[in-house]
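Note that subunit A is present in both complexes that follow, paired respectively with subunit B and with subunit C.
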Partner chain A sequence: MTICITGAGILTSIGDSPENVFENLCNNISGLKSISGFTKEKFNLQSAYEIDDRKTEGKDESGRSTRWLLRVIEDALKNASLEPGSRKMSVLVGTGLREHRSLELWNTEKQKCDVDSLDYGSAVRELLGSETDVTTIVNACAASNFGLGIAHDMISLGEADIVVVAGCDSITESMFGLLGRANPVIPEALRPFEKNRKGVIMGEGAAAVVLERQSHADARNASPIVKVRGVGMSCDAYHETAPDIDGIKNAISDAHKRSSCSVDDIDLIMAHGTGTIANDMVEAQVLADLFESRTGNVAVSAIKSMTGHTSGASGLIGVVIAMEAMRTGKVPPTLGLEDVIESASCLNFVKDEPLEVEIRIAQINAFGFGGVNAVAILEQVS
Partner chain B sequence: MKKLESIVITGIGLELPARASSHWILGEDSARDADEPQVLLKKLKRRGLKYKDHATRLGLSAAQAALQDAGLPIIPEEQKNGTGIGVIAASNFGNIATILKTVNTIQTEHVNAVSPMDLPNASSNVIASTIAIWYGLKALNVFLCNGATSGADAIQMACRAIRAGRTEKMLVVGVEVYEEATRKFIKDSDANIDAASFVNIGAAVLLESSESAIENGSKIYCEVENCLKSSPEKIQENLNQYFKEGDSGEKDDKFVWFRPERLLQESISRIEGLPQEQIDLESIAGETFGVLGILQAVAAVNWIKTKSDYKVLSTSGGIFNGNVCSLLYRHCDKLVKRQHQPLLSGNLHEWESRVEKINGYEVELAHSKKDPDSKEKPSILFIHGMVEDWDIWEPLQKYLEDYDLWFLKFPWESSRGQFWGKELSPESWLRDGIDLMPRKPNMVVAHSFAANAFLELVSADNSVTPEKIVLISPFFRKTRDEIDWSVLSHYVNHFLELIQESVQIRDVSRRLDSEMEIAISEKIRERLGVYGWTEFLKILLLSPDLNFDSFETPVLVLTGESDIASRPINCEELAQIFPSGRAHVFKESGHFCMIEEPRKVAEKIINLIKSENLVGLK
Partner chain C sequence: MNINNSTVSILGWDLFSLYGIGKNDFIDAIKNNAQSESEDILPSVEKTELLGSIRVPEFDTRNFLGKKGTRTFDRHTGLTVSAVGSALKDSQILKDVSVDKNIEMFGVINCTSTGSVSSIMEFTKDTFVEERPYLVNPAHFPNTVLNCGASQSAIWYKLKGPNATISGGHASFYSGLNTAFRWLRNEYAKRILVGAVEEVSEHIANMHTHLRNASKYDRPLLAEACAMFVLQGTDGSEEEKGKHKILASEVEFYFDPQNKSEEAKEEPENSVQAKGLSGCIERCLEKARIKPKDINYVCRRLGGSHRLAQVELAGISKVINTDALGSMISIENITGDTYSATGAMQLGALITELEGFAKYALAVCIGSNGAVASMVVERGNEK
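Now for the complex of A and B:
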């Protein structure tokens, strides 16, 4: 059974469509700005990759991640030639922090936040109809890739014809604070796989894709954009916040096995690359170990250097960018990467400018707190 | 849709607050420490939980109880198959206290005043991942926040993960905890809801495929099926189909309905034939919100334990603008019978079976008991091949109603591991199995590996020889020279394909895609193991030495044109070694002609059993 993506939508600090986000990535444009949602004096780190859409500058407001989610779902449906509410569909939303920012604003400013805004069910049903089956998967920074894998299972098992997979996250004051508190230094920017990297900086974003069987898309005259070959999942069962070599290897092997492909088939890796000492070291080590035997090198790109760490949305944002890379034959560079972390020669970390290369199969990594890993494999539609 | 694997519950765990009413349906001995973080800490014994929040401790405690109930280890180092167990946890309010505490500290002081030890707790999925770390569970790990249906959604998602071949077992855990700030939040959201009625609770169930449960000898509480979701307004459309006719069209199904208190009365009144027995578990335990679906699963187990003739329908959701989700639980009649009584012609009660333990392995003999005249009829004994079950004979039965049918099941069906060949040779297994029969069958029909084993048996001991023999797709090489490296590598390399053919052919409704077929086939091959497979090789190596020169019994050898394991030419050659042997090749079949062309195969069997003598037909 061939399962494919027939529509996509995206929103980040550097653009609001697959085309313009991709173009900005290729032009090394970063979304890093001075923080505008929180009181600056309370924090040491002063910057983040925020989506600049608040109605009043400097005044934070509730419900932003929900707003973005609905926007990217609408865009993805439009792209897939589907009318919202026109037919029954399932929606899986992957998120790290839900509407925790609204909860914080309820707490400090009495802004609106209800029990039912802690998950995205009500909001999505309002857009797509009351019988829509909505599930909010809260799997840290791997959430939307888990969503993609579960959606793939739903379609394979014949449970659903169309599944919208989405990811969204806004920056919360508590996570922004705790991440800053846990990092002894203040990073000037998020610099994945750079020897002198200083840590992660949060970003905001959302993405959505429409997933269906190729035969289903054909029957309604929709054009598949890319095939989803498979999604591998694993749990380290090792540490709450530190990554683990074996757990990540298990997810990648599972992804290759489910996609019937090997390291030799992969043309592009959209790395998780968060710019933390631990993640990048472990991820580079795993990739070096697994891809060592392959012939020729593999392009590696880490777009969090320009979007920031978009938490639960990041996996699917990587998926949408990989789709654009396949379409255009270009791989975006990793901004701020000067001195590459020591690793194997088989890994070609793209830096400075885009790499022009045909991408047939791409691998998208996403690893989250709790040691939850989900790795997606996409294939170009021939 | 036919499900290849049904999903069963094999373990439950419940952590209630002390103030919950006592009721047998929640389990007489369920724990009552949900309000006591320090007590939970002691229960969990090991160190390292100092910085874990209350919700995580509560989740760990319920999870531990369910793992222990299912007979699984709770120490990561003892978890032999950690990659075969996944976790789905569900909670809406789990880490809200940590978030509010952190943000208050930043607001009133500075980020430097927050504790970095709270970092893991700020990520909502800490409950699911800590359970994985604590008990060594390495398959997929998912955390759901899905409002009032979270628990039921988690169960559905766990069933799907097992069906998609991601893991054998799933631990599903639901937790809700409330602190002052959470209750205030609830009150602010909906003034009509009594925030004080929400209770701290943790509940867990262990789910696995029936196949895995039987293989591991787990105790099976009940089967889970039929997840139905809708808006509260449309609930009657979903539930009507149960209560009106029963889910399988049986009008006399007994139902109990676990329903949420707050479901709109107006919607419920439109449901026809509502069962009289309805239970609102939250009136006993307190308001449980996202945990309700899992609490209902635990209560369904307790109900079915004592009232196995009931089906339990559980419905959760309907509050805080949420939809509703229903799950059905039933005593797994079929599975118990599959273990001790075969599934034959769908009329389970018409069959009886006898299980004998032979050298630690179960050998099972099944027989029709409904027919008082069966003794008058010619009897036929059917023996399945390697990695097959006796369901391969099912399509034949309706054509053979005039005969007294017997079925044997041997350890090479593979669910009990790979070392059965170390205990007895294949022909000795057959002899012990046939000994279970009250009298010698008139005819033996054996498939594949069992056909060869049967030939070994009759060539060693003529006393077991029946009047007629049918060998379906046996293995044969005329001379020893023909068995060379290419033959060996053919059988090794194509074994998976052969298993896949069997999986495909038995998947009547074609619901598996090839990816799934391969995954299932690999699992079956894994279970048979190299030792099990080697028993086939040994028997193939013996085939050139078979000598039936003075054997008078008629032997019919059947195979399919496209059989890659037992080629028509070899079957024809085998038929020639019997003075009264002949072969027939079915054009439309592969290795399983009795499934692919049952009517024609039955005709051949009937012709043979009716024929007086086959001598001269060769």
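Now for the complex of A and C:
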């Protein structure tokens, strides 16, 4: 059974459509700015990759990530020639932090919040109809790729004709403050796989895709954009925050096995690349080990260098950008990558400017706190 | 949604509730309350200092799991890791949890909606207490993500199969079960621990009191709970033969705004949710290949409010002849409102009744977010 994506939506600090986010990535445009949602004096970190949509400058407001989620779902449905609410469909939302910023703002400022709204289900049902089946997967930074995997299962098992998969996360004060505390020095930017990287900086974002069987898309005259060959999943069972070589290898191998492909077939890797000492070293080592002599032939891009770490949304943002790379024949560069870390020296990073190359099969990595890993494999529609 | 004919066997389980640590006291409570559906009185147990909320009595993470490696565990994580270990032990499929290599490909699905709330609220409180909030202890960092309980369980017992945390209010556990069905059928793991946890703390009780959009609800006592079940696909293997089976699980959504009001004018049986629930039960029975008359035990939620309780009963009565049932209980009368853990408490109750008279048992739930859910279990031959 061929399962494909027929529509996509995206919102990040550097754009609000697949086309303009991709173009900005190719032009090395970063979304990093001075923080505007929190009181600056209270934090080590002073900047983040925020979506600039607050009604009042410097005044944070509840419900932002819900707003983005609904926006990208609407865009994805429109892109797939589907009317919101026109038919019953299932929705999987991947998120690391849910609507926790609203909970914080209730706790500190008594802003509006509702327990049943923390997982986005009520809001999605308001948009798509009260009978919409919404499942929220809270799997840290790998959440939306886990959602893509479960959606793939639902379609392959004949449970659903159309599944919308989405990811979204806004920056919470607690996570921002704790990350600032965890970084030994203050990073000036998120610089994946760079020797002088200093750590992760949070970003905000949302993405959504419409998944359906190719035969279902054909029957309603919708155009498949890419095929989803499979999603591999694993758990490191090793450490709360540190990644593990074996766990990540297991997820990649599982993805290849489920997609009936091998390292020889992969043309592009959208790396997880968070700019932390541990992730980049481990991820580079895994890619070097698994791809061995092919590393020079596989383009690698780490877009968090421009979007920041968009937590649970980041996997699906990588999926949408890989789709654009296949469509345009261009791979966006990794910003700020000047001196590549030793374990990554054999990898073919796209740097400085976009690489023009045909991408037939792409691998999108997403790894999260708690050692949860989900790796997606996409194939170009011929 | 339709999962084709596919069942899972329950290899082991354990449950922590307001009755105490471990399933034995819970089982007694279910047996003793099985005929008390009309009683709205919670068992007489000692309450915490929190008004209208209650914890698992005498549970302390360090007492249960030991001091080593648990220093940074919050209560939600401690409950989850403890229940996972007890369920694994109950399954008796591993000679020694700490050394058996077969454990590696176990998956974990944990359902919770408020897991990390206490840690987040502690942090934001510190923004006022501390001169600079980053002075908080970074060791508590992992507790601010909701998947901490599931991932710490994986670390603790070396469970390397897929690992997910699902958040969806009262029907979360049913969504977790459906995910487990898919992962077993598509061979992501051979065995999966599926469970749910809700911690009760001052922060969480406060949040539920103020943010449940339920000022008019006659909401029952907010109660802490955690349960875990070791599941395996029904494949004819020795370890699953004769075990109780989950035949089907179903979750659907039918929101009816008037059910938020106690002054709703429409008869409960005409409510969209009652009709939706009856359809949900019918589809669940169809998937399980069971006729309504085969069901001889029902565990319902009780809806969380007088109105929703009426709607829930109306939905059940459209499909099941409740007069002919051996028994019908309301889980919230027995365990309190355990929110995301509701379905897990219900599965514990169903298993308890399978050990007694029931051959087929049904659980039914209406959530405050519009969810309607049901599951069907079958008694195994092994007694």
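In this section, the second predicted complex is superposed on the first by the 375 of 382 C-alpha atoms of A that agree within 3 Å, B and C clash if a C-alpha of one lies under 4 Å from a C-alpha of the other, contacts with A are read in each partner's own complex, and residues count from 1 in each chain.
We take it that a residue touches a chain if its C-beta (ideal position, glycine included) is under 8 Å from a C-beta of that chain, and two chains touch if they have at least 3 such contacts.
Nothing here was measured: the structure is a model prediction, and the numbers come from that model.
Superposition model on subunit A: subunit B and subunit C are shown in a clashing arrangement.
Legend: residue contacts after superposition of the two complexes on their common chain; A:Ala160 is shown touching subunit C, with no touch to subunit B. Contacts of A:Met1 after superposition: subunit B is touched, whereas subunit C is not reached. In the superposed model, A:Gly273 makes contact with neither subunit B nor subunit C. In the superposed model, A:Gly37 makes contact with neither subunit B nor subunit C. In the superposition on chain A, no contact is made by A:Pro187 with either subunit B or subunit C. Shared-chain residue A:Gly15: touches no atom of subunit B or subunit C. In the superposition on chain A, contact of A:Pro354 is made with neither subunit B nor subunit C. In the superposed pair of complexes, A:Pro332 makes contact with neither subunit B nor subunit C.
In the superposition on chain A, subunit A positions 41-44, 96-98, 100, 103-104, 106-108, 113-116, 118-119, 121-122, 125, 130-131, 133-140, 146, 150, 153-154, 156-159, 172-175, 177-178, 180-182, 233-241, 247, 250, 368-372 are in contact with subunit B in one complex as well as with subunit C in the other.
Listed in rising order, the residues of subunit B touching subunit A in the complex are 1, 76, 82-83, 86-87, 92-93, 96, 98-100, 102-104, 106-107, 110-112, 114-116, 118-120, 122-126, 128-130, 132-133, 135-147, 153, 157, 160-161, 163-164, 166, 181, 185-186, 188-190, 229-231, 233-234, 320-323, 511, 513-516. Only residues 1, 39, 41-44, 96-98, 100, 103-104, 106-108, 113-116, 118-119, 121-122, 125, 130-131, 133-140, 146, 149-150, 153-154, 156-159, 172-175, 177-182, 230, 233-241, 247, 250, 258, 260, 368-372 of subunit A touch subunit B when the two sit together in their complex.
Those residues of subunit C that touch subunit A in the shared complex are 1-4, 104, 107-108, 113-114, 116-117, 119-121, 123-125, 127-128, 132-136, 138, 140-142, 144-148, 150-152, 154-155, 157-169, 175, 179, 182-183, 185-186, 188, 207-208, 210-213, 251-255, 272, 276, 368-370.
The part of subunit A that touches subunit C in the complex is made up of residues 41-44, 90, 96-98, 100, 103-104, 106-108, 113-116, 118-119, 121-122, 125, 130-140, 146, 150, 153-154, 156-160, 172-175, 177-178, 180-182, 233-241, 247, 250, 254, 368-372.
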